[in-house]
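Chains: A, B, C and D, in written order; residue numbering restarts at 1 for each.
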Amino acid sequence: MRVGVLTGGGDCPGLNAVIRGVVRKGVQEYGYNFVGFRDGWRGPLEGDSFQLDIPQVRGILPRGGTILGSSRTNPLKVENGIRRIRENLTKQEVDALIAIGGEDTLGVAAALADEYGINVIGVPKTIDNDLSATDYTFGFDTAVGIATEAIDRLHTTAESHMRVLVVEVMGRHAGWIALHSGLAGGANVILIPEQRFDVEQVCTWVTSRFRASYAPIVVIAEGAMPKDGDMVLKDGSLDSFGHVRLSGIGEWLAKEIERRTGNEARTTVLGHVQRGGTPSAFDRWLATRFGLHAIEAVRDGDFGKMVALRGTDIVRVPIAEATAKLKTVDPSLYEEVSVFFG
Amino acid sequence: MRVGVLTGGGDCPGLNAVIRGVVRKGVQEYGYNFVGFRDGWRGPLEGDSFQLDIPQVRGILPRGGTILGSSRTNPLKVENGIRRIRENLTKQEVDALIAIGGEDTLGVAAALADEYGINVIGVPKTIDNDLSATDYTFGFDTAVGIATEAIDRLHTTAESHMRVLVVEVMGRHAGWIALHSGLAGGANVILIPEQRFDVEQVCTWVTSRFRASYAPIVVIAEGAMPKDGDMVLKDGSLDSFGHVRLSGIGEWLAKEIERRTGNEARTTVLGHVQRGGTPSAFDRWLATRFGLHAIEAVRDGDFGKMVALRGTDIVRVPIAEATAKLKTVDPSLYEEVSVFFG
Amino acid sequence: MRVGVLTGGGDCPGLNAVIRGVVRKGVQEYGYNFVGFRDGWRGPLEGDSFQLDIPQVRGILPRGGTILGSSRTNPLKVENGIRRIRENLTKQEVDALIAIGGEDTLGVAAALADEYGINVIGVPKTIDNDLSATDYTFGFDTAVGIATEAIDRLHTTAESHMRVLVVEVMGRHAGWIALHSGLAGGANVILIPEQRFDVEQVCTWVTSRFRASYAPIVVIAEGAMPKDGDMVLKDGSLDSFGHVRLSGIGEWLAKEIERRTGNEARTTVLGHVQRGGTPSAFDRWLATRFGLHAIEAVRDGDFGKMVALRGTDIVRVPIAEATAKLKTVDPSLYEEVSVFFG
Amino acid sequence: MRVGVLTGGGDCPGLNAVIRGVVRKGVQEYGYNFVGFRDGWRGPLEGDSFQLDIPQVRGILPRGGTILGSSRTNPLKVENGIRRIRENLTKQEVDALIAIGGEDTLGVAAALADEYGINVIGVPKTIDNDLSATDYTFGFDTAVGIATEAIDRLHTTAESHMRVLVVEVMGRHAGWIALHSGLAGGANVILIPEQRFDVEQVCTWVTSRFRASYAPIVVIAEGAMPKDGDMVLKDGSLDSFGHVRLSGIGEWLAKEIERRTGNEARTTVLGHVQRGGTPSAFDRWLATRFGLHAIEAVRDGDFGKMVALRGTDIVRVPIAEATAKLKTVDPSLYEEVSVFFG
């Protein structure tokens, strides 16, 4: 048995732990051979691969990034992409493929499995935790931990100078990182993409917080938007620099808070710091178990499936089902957390 | 409505987060009054309490320990203990009691609820993660994180000096901390109380690890025992100093490994470092939600219940049921992890 | 003897450690009384103070911020400011004043000491490490540690996606944080305010780094400027939003690198995260010793002096001398570090 | 020019940073070739070496341990040891040797330089900070940081359970780690090898601390000894297991405190955790600069010297002088810190 492995999409702490789990168990318990494809789908597309064995996965458990490299190459958008992948898999005598990635990577995996009968097993990966069918994805806990530590640090500055501090965290479509780190960091306002926010309400919370003689911390997901979204777009600050990158929603909100409440406001954009570095113990545990169960699914010939966390169990679900719908923050959970606002 | 709160047993990062969640939601949403009882069951037993309000719970989210103090006082073992508690609760006009604690504390809570009809809600707390009915208890993730970081650091020493490093972690009856931190830290042997270990097998793993030109790290729970347990007891080193405290099983094992393999072995006993300090983001999230749901259960009059984590949901289960059985590591999970041994 | 204490300027990890050192030694060894003035010079200006004793300084050693509060109030710019301070010190029977702060706070202290004969002792504080006469100021080591950890984390993202990562750190007039964290974090380019940079040279380093098949990390102090400084000002991005806050020099540089090299570039602005949170062990040691030596200077009646670090010794220097000149990065030190550029 | 590099003695965070600094500057600025000798003096003794170049030192800056390996091999104690080293250096055409190590390693380096005219440059390395002629050695700051973090965590346990916590840290002959981490961690008693301690005095401090309604933390260096040292030796607990390893001075002291005061006492022995893992930013800065200056000394032909830190400058001192005398804690510094005892 010869098994291919690839990692696609943005980097995420825990990718190497998955690879190590797959290879250790595959070689030791099942006697499989392994091929590592470079840079996500670009690897099988161009036949760019190398022999993977136990020595190569030694010591990689605590390392961020991926020893396989990654890319956003989408073979569905490349001419004859799928055919070329099939040919390269055949040429390299690859019997099964483990694809580790997010919505896009797994979307391709689902297509390969369902439409072309290729033996694929998916491993879910998204730092944003917004993939259906799994309780958590690895990388998320690490990102929340980093954001929480940053918020912890900002409290002393908020207090000493009676300033509003706006912290922009990752999350374009789902507010999981904002919600978890905002709660864990003791933020006074948390704004997420799932619920358009009312700037006046935010200012009311900010003002009431100052009255309790404490400076407010506002955590906002990069994808959060005010109720009257147009006013952001009309505002030259975002428009002329490109939407998120140059001055994101955090900057915009800080400026609005200053303008409306008269309080000084400062922004911190955590950015890529959230997705780098060593994975947390939780993520190493989860990612390693995903790896062990993925290779077990290969052994069982249970293809077209993705491993997923349910409670403390690792289960298998159809890949297509898992990627069908974004997992967003439920209004009732946001409501639960909102007791700490203001 | 007047609600009492107490924390019992060993300290555990996240206790303050529970208290804060209970009080914030209870005061703001339900308009309740709160009474904090000091030092676990000693508080209601002796009527030692103080007014709890929002100002007292400000800023305590990231702090380890408990602002209520703790003790191992067991009113079931005190003459007229239960009667005195009932009287003090009546005297202080306490309508409901939230008891945050482990097996012992919750055992008393169950007795108070079942046998004496007192309005009790339980919140599970054990750093060892060995309480049935909940996927995880808060404090556990923090402990695993601390142990993992220590193991990470030991790798460089193991490598540079080609020594065996034995790390003794918490866990008298259950090996959860050893299993999670051992896996996350890339340990080469993990020994837990649930499975008596074979010293010869451990030495074989150690030796094979050296052959792969890398020094082995052995993670052992403080409650782990060799197959022939008598030989530990017969060995004066443990007997004469008290079993665990003075020289624990870690020291014993290191000495045995040295004697049998001829390799140098060193021991690190992490001890109380594992249960102190600021809770991880995961534990703050879990503990806070436990607090919010506990006060909701009070509002619903759903007494005799304990809050518990199932997947990503907080549910309620009968307290008595939750404490009936220790949650230990399943042999199949230990087997799953053992692929990394040797 | 009655001693006043105040903290002025921006917050800085270690302020509480100084206060604790002053009070513990002053009370225990010399039997002094202490008065804490609130919010920097605003305290003595308005007579806003409170009794400081050992119980108030318990547990504050590891806490960021300052229990005395801070402000940028400058009594030299307030009508009759100095006279009012003298009157309030007399009214409260304060015999000596310990002023903990940066250039501005110590400038006032120097004026009070030199021109008005008030018994002042200065303690240097600046996160930027740019105060003459002392080898290091507390807070700096903490800031460098936080920035270094962030840079460590960015390496995996830089690698996995072959992007340029620009990290903007604190330092308006001096590049100490950029230099130390850039070196410690293994940055490929470090840009500081002391030396105008050549954008083309930066792009050459970036490009050469990619050729070594590794993605570059550029660390830039917020006060760094390109050689042709006008081009930044001409560029609307900075001009229309205020210089540093909305889109700082980091954003500007990232955009320039993208435009000139065609490589994707991302910016992380660490912001206030660098000055918050618990002080490092180094800063706790330094700040505590500053406190102990400041109260010793009071006892010796050696007023008008500032405590300072020289090697491993704490010495006393005239306050005026210490604040006369900004301590900037020496060209030869920058040259020494530049071996790692490109 | 061909330069050899070796690392000897116990591992220490920062070794790799020195090697990287030496090689980067040596290759880029001076065009030198490099030979890495394996496992300290064993390398040149047995001619075990490999080519060192820039690619090998990439990415090693944040890694603990040493890519060269280490040992305690002492060629002065090996027959014809020095002659064999000279021959191997000649055979491999090594013109100069950079020896990174502590007292023992540098002692050999001094002998090679002084007695045999070999071109040696020393770089001081000891986690204990006990080497004369340099303000600090790298690795020390990392160790102090780790110990301080552990002490921080123990405070919550000490408080919650009103127990004495004894923390044993590294330091056989000098108490630097105990002194710095004890002060930074807010310990209530610090015991160092330089001053024999009086158990009764320790118990008095412990008791007075409890009266201030706070539980005491005692930090003790592994080499600290009570005034009546015999009583330790007479006590079977230490004697029968070997002095330090099995149950060290920390355990002994905890037992004495329990016996004499009746308070519960627990011990944490940090052990090898203190010397592993990634170096702090301070240590990376110091170690890197040591590396840069060591190769500069080679270029200057200034052999027989050791690089050293004086204030913020790196200077050169004769190796022999530097190792002549252990740098211990001055009684006046210990006195200064003792204001926090009790």
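In this section, contacts are C-beta pairs under 8 Å (C-beta built on N, C-alpha and C of every residue); 3 or more make two chains touch, one makes a residue touch a chain.
Not measured: the values here are computed from a predicted model.
Set against the Cα centre of chain D, the chain with the most distant centre is A. The distance from the centre of chain A to the centre of chain B, with each centre set as the mean of the Cα atoms, comes to 30 Å. Computed from the mean C-alpha positions, the centre of chain B lies at a distance of 41 Å from the centre of chain C.
Note on chain placement: the centre of chain B and the centre of chain D lie 35 Å apart, centres being C-alpha means.
Residues of chain A in contact with at least two other chains: 152.
According to the touch criterion at the top of this document, the contacting chain pairs are A-B, A-C, B-D, C-D.
Across the complex, chain D meets chain C through its residues 24-25, 28-29, 58-59, 61-62, 135-136, 141, 144-145, 147-148, 152, 180-181, 183-186, 212, 214, 278, 280-282, 284-285, 288-289, 292, 310-312, 336, 339-340. Looking at the complex, you find that chain C touches chain A at residues 10-11, 13, 63-66, 69-70, 146, 149-150, 152-157, 159-161, 165, 236-237, 240-241, 245-247, 251, 255, 266-273, 275-277.
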